[in-house]
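Both of the next two complexes hold chain A, though its partner changes from chain B to chain C.
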Partner chain A sequence: MFRFAVRSVRPVARLPVASRFVQPIRSYAVAPITKDEVIKRSFEALKTVAALQESEISLESSFQKDLALDSLDTVEALVALEEEFDLEIPDKISDEIKTVGEAVNYIFEEEQKL
Partner chain B sequence: MTTSKQILVLYKQLLEKAYKFDNYNFREFAKRKVTDSFKANKGLSDSEAITNFYNQGILDLAMLTRQTTISQMYTFEKLVVEPLKRQR
Partner chain C sequence: MARLSGLQKEVLRLYRHSLRCVRTKPEEFRSHWKAYVKEEFARYDHIQKKQFSVVEHLIRTGHRKLEMYSNPNIKNIH
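Then we have the complex of A and B:
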């Protein structure tokens, strides 16, 4: 309802009548997610994984090498990320994700598609 | 013969289901139970024991699927310990 009000009032004041319907005002419920936000939320989600609580997480750190996770913990970390962002990482892609940065990139790309 | 790949897929499915409980207590219990029992059994080497454990996991997955569905039908207020989800 608010949107209609905005659409009908503002163009009358500023634009000539002909272009009133040419430029609809688009309004989003939520601003698109930024990369920084994805990174911040990923790190928070990763901190909930028991094996990662004390580790220093950075974008370059590899799950298995730097963070010393075994395959079970890696799966756990990825599921924690999935739940945080409400998406599902297919098995094929999760096999290729080796570092935190790769996971963040994948999530960011998926969020752009929404 | 059960491969480690199959085990990891089962582990992932179980965890994903465990997250779906609406009730905090059930959810946290299910997550803890799944991770703990996999960690406790990760040293299994006898292939028969592994297969038994895997089959038990399949049954548990079916059970979790049923119970999470039921859990989502009867939802309750959030507990104070639960962080509120951001508005999306």
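Then we have the complex of A and C:
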């Protein structure tokens, strides 16, 4: 019985010295996001907003003029985008965003910073 | 869009924070929370923007409610 216990605590064979200093190669799990991808994901996220389900979304559409959202719906659309890209748009910038394109640009720039 | 007053921006800010808070709730109840937030705001949408003291009061109570419901122990709402 004790023999097994002793055997199990025997130290594991050490790595040869050389391999312990091998420089790890840094690899990225994902390639940096492209603008097209930001646009595609944004449109998909915007489609989940109740008020936008039927609308034709383009980069030039203004949330309030073209998509006929009220200010609360606009906030909702922006929060949907925040959720999709897992970021928070600060209040000041959020107040300034009027079109889908502006939102996409902001998200794209933020993603570049990561 | 017409320029928004500071008070109107405050309302939007509260709405934004409330919607963000929905995300911290368990996934299966998020639709309840979202419906609740929308309902709470829609309930007062007839109030004119000149009724400053009313709006101020609602913003204040809104923030207090948000703070209360932010508690992670509160998971669902009906």
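Rule of thumb we're sticking to: the second predicted complex is superposed on the first by the 88 of 114 C-alpha atoms of A that agree within 3 Å, B and C clash if a C-alpha of one lies under 4 Å from a C-alpha of the other, contacts with A are read in each partner's own complex, and residues count from 1 in each chain.
Note that contacts are C-beta pairs under 8 Å (C-beta built on N, C-alpha and C of every residue); 3 or more make two chains touch, one makes a residue touch a chain.
For clarity, every value in this text was computed on a predicted model and none was experimentally measured.
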Contact-wise, after the overlay, does A:Ala68 reach chain B, chain C, both or neither (first, second, both, neither)? neither
Of the partners chain B and chain C, which touch A:Lys98 in the superposed model: first, second, both, neither?
second
Overlap of chain B and chain C contacts on chain A, residues 71-72, 75-76, 78-79, 82-83, 88, 91, 94
Chain C residues touching chain A in their complex are 1, 4, 8-9, 12-13, 15-16, 19-20, 23, 41
Listed in rising order, chain A residues that touch chain B in their complex are 30, 50, 70-72, 75-76, 78-79, 82-83, 88, 91, 94
Per the touch rule, the chain A residues reaching chain C in their complex are 64-65, 71-72, 75-76, 78-79, 82-83, 88, 91, 94-95, 98
Listed in rising order, the residues of chain B that touch chain A in the complex are 4, 8-9, 11-12, 15-16, 19, 35, 38-39, 42, 87-88
